Amino acid sequence: MSSIISIAKRKGAFQQSIDAGFESGSEDEDVNMSDSIDNGPTHTQESNSTEGHIVTPGELVTDDPVWMRGHGTYFLDNMTYSSVAGTVSRVNRLLSVVPLRSRYTPETGDHVVGRIAEVGNKRWRVDIGGKQHAVLMLGSVNLPGGILRRKSESDELQMRSFLKEGDLLNAEVQSLFQDGSASLHTRSLKYGKLRNGQFCQVPCSLIVRSKNHTHNLPGNVTVVLGVNGYIWLRKTSKMDMARDAPSGISAPGPSNGAPIGAKTLRSSDSVSITRLEEESSWQIYSDENDPTISVSLRQTISRYANVIKALAFCEIDITHERIVSAYEASMVYPSVGSLIDREVMETIGQDVLTAEKMRGTPS
Amino acid sequence: MSRFEIYSPEGLRVDGRRWNELRRFDCSINTHSHAADGSSYLEQGNNKIITLVKGPKEPSLRSQMDPTKALLKVSVNITKFSKTERSKTSHKNERRVLEIQTALTRTFNKNVMLHIYPRTLIDIEIHVLQQDGGLVGTLINGITLALIDAGIAMFDYISGVSVGLYDTTPLLEVNSLEENVMSSVTLGVVGKTEKLSLLLVEDKIPLDRLESVLAIGIAGAHRVRELMDSELRKRAEKRVANSTN
Amino acid sequence: MPLSIAEKSYLYDSLSSNAGTRPDGRLPHQFRPLEVYTDFLPSSNGSSRIIASDSSECIVSVKANVVDHQVQQDLFQVEVDIAGQRDDSSEVETLTSLLNRVLESRGSIDASKLKLTRKYSYKLFIDVLVISSSSHPVSLISFTIFSALNSTYLPKIISSFDDLEVEELPTFHDADMVKLDVSPPLVFILAVVGENVFMDAAANESEVADNGLIITWSGDKIVAPIRTVALNNSDVKGFNPLVLQRGIQMVQQYAGDVVRAFANL
Amino acid sequence: MSIIASTGILNHVDGSSEFESHSTKVVCSVTGPIEPKARQELPTQLALEIIVRPAKGVPNTREKLIEDKLRGVLTPLIARYLYPRRLCQITFQVMEAGEPELEFSQRELSCCINAAVLALVDSGIGLLAMASSVPLAIIKGQLVVDPNAQQLQESQSVHTLALEITESGKNVQNILLLDSTGAFTQNELFQILSQGEERCLTLVQELRKVLGDRINSEIIRTKT
Amino acid sequence: MAKDIEFSTSENKFILDALRQNLRLDGRSFDQFRDVDIKFGKEYGDVTVTMGKTKIHCRISCQIAQPYEDRPFEGLFLISTETSPMAGPQFENGNSTGEDEVLCVRIIEKAVRRSGALDVEGLCIVAGSKCWAIRADVHFLDCDGGLLDASCIAVMTALLHFKKPDITVLGDRVTVHPTDEREPVPLGILHIPICVTFSFFNPQDTEENIKGDSNAEIAIIDANLKEELLRDGTLTVTLNKNREVVQVSKAGGLPMDALSLMENCYKAYTITEKLTDQILACVKEDDSKRNQYAGLLSSENARDAT
């Protein structure tokens, strides 16, 4: 096998790897009308409203009028129908159908990674991979000079010196507008412009909402797992260290989820000075990277990026533990570049799932 | 066409099908997961099409933004090599293609729940790699699959099928050989109902035969819906199984 | 894809360092994996579809016509269609002219293989459809053309070769097909970052590249066209002439592997 | 040498007219003042969009030339300063050319001018003056006012004259258009001007009558 | 359409409410086609069709041209429908790439040209080198809905009315006889397609339309402009008197029950019969008017000869 390029020949219809080996019974046959009456999939209507059941558009989900109809459904009289292909979800009295795949739908409190798409009047428009751009108001960011500083007209004129088109940031969804689009804020030190690393992207359905989306990983790397599937990998900073210091890596304590404040300040004096410095200076909007990122750290970051892509390739939900597990599994391949091979990605995915089964800790 | 017998006395058509037989129907979804939000690849007989759905997304032009609903845009790219004889000219601005685009847009405008995606654009892009009759029906199926794959809410399936009329015999799903020698009708049927979202007759048909043609067309479209549905369920079950790992 | 300044400088520093660390850890000459489908268009003489791991995708159809080669000199005609772009956009036109140049009859490709009789030849219409691409597509297109031509079968001629005195057009066997045996050139595109060159630059690498090199390989040697090409429109810079040499060396060293990888399918 | 003309014949435009003379028949519509497209907008005046559509075939350079001449006639006629940053669309549909289209456009041009005056008045857009136009030809040294298709073909020179007329159609203010082709003498030109003027003055009276009849038939009814 | 005409919400609501009560703004019943008025110009093939406030002018012209290489025995036939702001401010000059314009052009094309209403083989003069090129220019003068139906009537009437100059062929030489020398000859019309457009309205929710079984959708014939702007879907049925469906176009829009669509087709047939008779009668009447005159001339000639 050539080490510089791998070319795989595929046969038949253009299906994804995941379908390989899935032979449909009637392939290469014309479809006869006469067997349509009996062979069609039959679904009893009562069972459709059960949790996790798969429904497709136009299908009757339930004829029980007690349900409130949520996303992915529509109704006529007592009948509730599905409008997407997905699984039935029931939360209290709310019946909805969760599509198998769709664009990111923001929810209040989501930790997202976004890219500035447009600088507008007193607001930035941020691409968060959703149906619409999110809005970041000038008033929803910390400005150089501290929390107590009032924003002035000059701030409106120099918005590009804080954040400009293309800039990446992490933020929290503060609220939702009527039409479902999000308003963001970065009024906490854990949010803001992203530096010292590289970006990668996975389908948002693979990111599980959890208390904490910023994790320090072995090898001095920190990952920001945006709920929207945008991921930032960077060199672990002093701030990152401080955040995890009081409670450790694997057991998230109460301070992790809460906005940064007094609790974090407790950790050490040096950090609080850093914090004050950062908050009051232009530093938080700097475009300069840490000049001390070593080649080996860069390679570690690349390795993490590749294992995250491998997890996504195998359609495995991405969590902090799984990233670490996949990273460890990848160590048998000394060359980071070999991790882009399909077979290798599949092996890593398999290894992660096996390791989990052995530990008995499913996510 | 003397070499071919369009419909033999034994009831066989040029490609060996009976009058009420559909062509081979092979579809898959999520074929272009990185390039689009929803995608499908469909082979209906020798029609081969790729459909990409991008969106709902932020429109690039202000004029594409409607504060009350999403804007649906369909562009059909019929490649120059899609027929046996290569076409010398591009099909891009042909009136026939514009008409097909309009018909498809209007078909799905009424079926997609556009009002729940205000201020967005749903961009549907179809590439016809090969065509062999009944193209518009195939395009409808490709779009239906890709829209569902994109997780875009719609009221029901729309399934497309064509029916030819040979003398007095309706022939389900004509190929291009049949299409060239007889009149044909294209239907776009909503779900399991008998409601037609799209109905196109482009050549002469006796008025009193139309009803029987529609009847077989609706039955055929329902069968197509089942085929699409079973493929979707197959995919869905795999995905659900994976995520509970 | 616009990148932030911090992202760009991180990528640039990684790529331009002595180690030449790529964001996905590849070696400088390493390609991303490709998937190839061939012969999926029964109504074309040859077809191929290549999908790169970043989901860049290209489809090529080859259709043959019989022409009088006195009248039509060029026996290969490439037409490029990029999804979402007008046929007269500059990118499409540049690519079309470049690819036609690569396959020029008096160039490196052996057009005599298409000769049927003294009067007539096959003319191949190569239609390129780029469904999606996140970085410069020329290499992907060239690979797809390469594999499409290598999977092309043409009807076997049964009339005689010497037909100068004959009025009729050549006649062909009904079923027998002959595999086309040309070795089409491959076009490589390399990204230049600082003193380093990289094969098969991904989108984010292209975004910070100082420049790009298009280098053509035919049979066992570098051939024309060789040219520079801007891979982005924000950070294009000049480069050290030594880098060109390095790029040519890289293609010389590894192009054979690519050809073999295709041959081994 | 009569004309047939009427106004207000169309329902979805602000002003319209039909003008027929010999075998030449033109329909004119006026829409405005309306919101212009950005590229048409003039900051201080009303912008004019003039469209001429031929009876047969698609518009080409011939129609563009007629449009240009019409613009020259109509621009000074309209009180454009009244409608800054607005647009007025004046559309002409030639129903019957009444002349060999390949060689001549005089009859159509002058009918268009007369139709435009009627339609503009009908639309209520402010005008500075009335205008009327007549085609003329010189056949074997003989001046013919309002020549028909046959006469045009026999002519040595053809002319279109359009005049701006004020004071209830009694006073000739300015020449708006003189468009002459062919071989003719200075003397003939003076003759053309004097006879053309005569005809234009009577024509303007006829136009006034058409408008007057319309007003009488409509206004009186609403008054009572 | 370039600029969308918009009506106030209350006006829209009023029209829809009225429709729910079986009423139309202009007092017509749902199945009532507007009265069609056909007028001829001085020349052959010059027709103005008026339907309510909709007015269409069609002009047929002909010239000698070269046939297409792949169809040496057929003449050329082109229908041109370009819009201008004359018909209403929603139309842009010469722009026929709007959705409605494209559909209109395509349906006329299918109804008249593709269906072989004009005998194009009869236009052949010298196979492969000379043939008649017939051109129908449709001019939209005033648009109050139903452009398509009116255009089809105008084109067909004009084709029936038109006469092309007589010719003599001697080898490769073709002599065209001016109309005043020799009686011109009419075109070969093989059938008369008539378009009838239905407009659909949904009086209920979309959910009822898709999942309900009330089939309460409203279908009206020959909508005027306001109705057209409010409609949820449209169906154009083209038929001829031989009970042939020439073309049907329901290009998306409100889903409709197949049986009610069939019903619409039958309704369209009665209108087709009526309009065909009217067109033929009008053409005949005009023809006899002209012939009377011609007859007078020829009798004079006859007297001269004696």
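Letters are used for the chains, namely A, B, C, D and E, taken in the order the chains are written, and counting of residues starts over at 1 for each.
The definition used in the following text is that contacts are C-beta pairs under 8 Å (C-beta built on N, C-alpha and C of every residue); 3 or more make two chains touch, one makes a residue touch a chain.
Since the model is a prediction, treat every value here as computed from it, not as a measurement.
Note on connectivity: the fewest steps through touching chains from chain A to chain E is 1.
For the pair chain B and chain D, chains touching both partners: E.
Using the average of C-alpha coordinates as each chain's centre, A ends up farthest from chain E.
The chain occupying the central position, as judged from C-alpha centroids, is B.
The greatest centre-to-centre gap from chain C, using C-alpha centroids, is found for D. Our note on geometry: chain C versus chain E, Cα centroid distance of 52 Å, whole angstroms.
Between the CA-based centres of chain B and chain C the separation comes to 33 Å, rounded to the whole angstrom.
With centres taken as mean Cα positions, chain D sits 62 Å from chain C.
Contact of a single residue of chain E with at least two other chains is seen at positions 207, 210-211. Listed for chain A are residues 14, 58, 74, 81, each touching two or more other chains. Counting partners per residue, chain C has 40 as the residues that reach two or more other chains.
Two chains count as a pair here when they touch; such pairs are A-B, A-C, A-E, B-C, B-E, D-E.
Taken together, the chain D residues at the contact with chain E in this complex read 10-13, 16, 23, 25, 27, 29, 31, 34, 49, 51, 53, 55-59, 89, 91, 93, 95-96.
The residues of chain A lying in touch with chain B in their complex are 13-16, 18-19, 22, 24, 27-34, 36, 40-41, 52, 54, 56-58, 71-72, 74, 81, 83-87, 99-103, 117, 127, 131-133, 179-181, 203, 314-317, 353, 362. Those residues of chain E that touch chain B in the shared complex are 97, 99, 102-103, 105-106, 109-110, 114-115, 206-207, 209-211, 232-233, 235, 239, 243-259, 261-262, 265-266, 269.
Chain E contributes residues 205, 207-208, 210-212 to its touches with chain A in the complex. Across the interface of their complex, chain D is touched by residues 41-43, 46, 48, 53, 55, 57, 59, 61, 80, 82, 84-89, 93-94, 135, 137, 139, 141-144, 225 of chain E.
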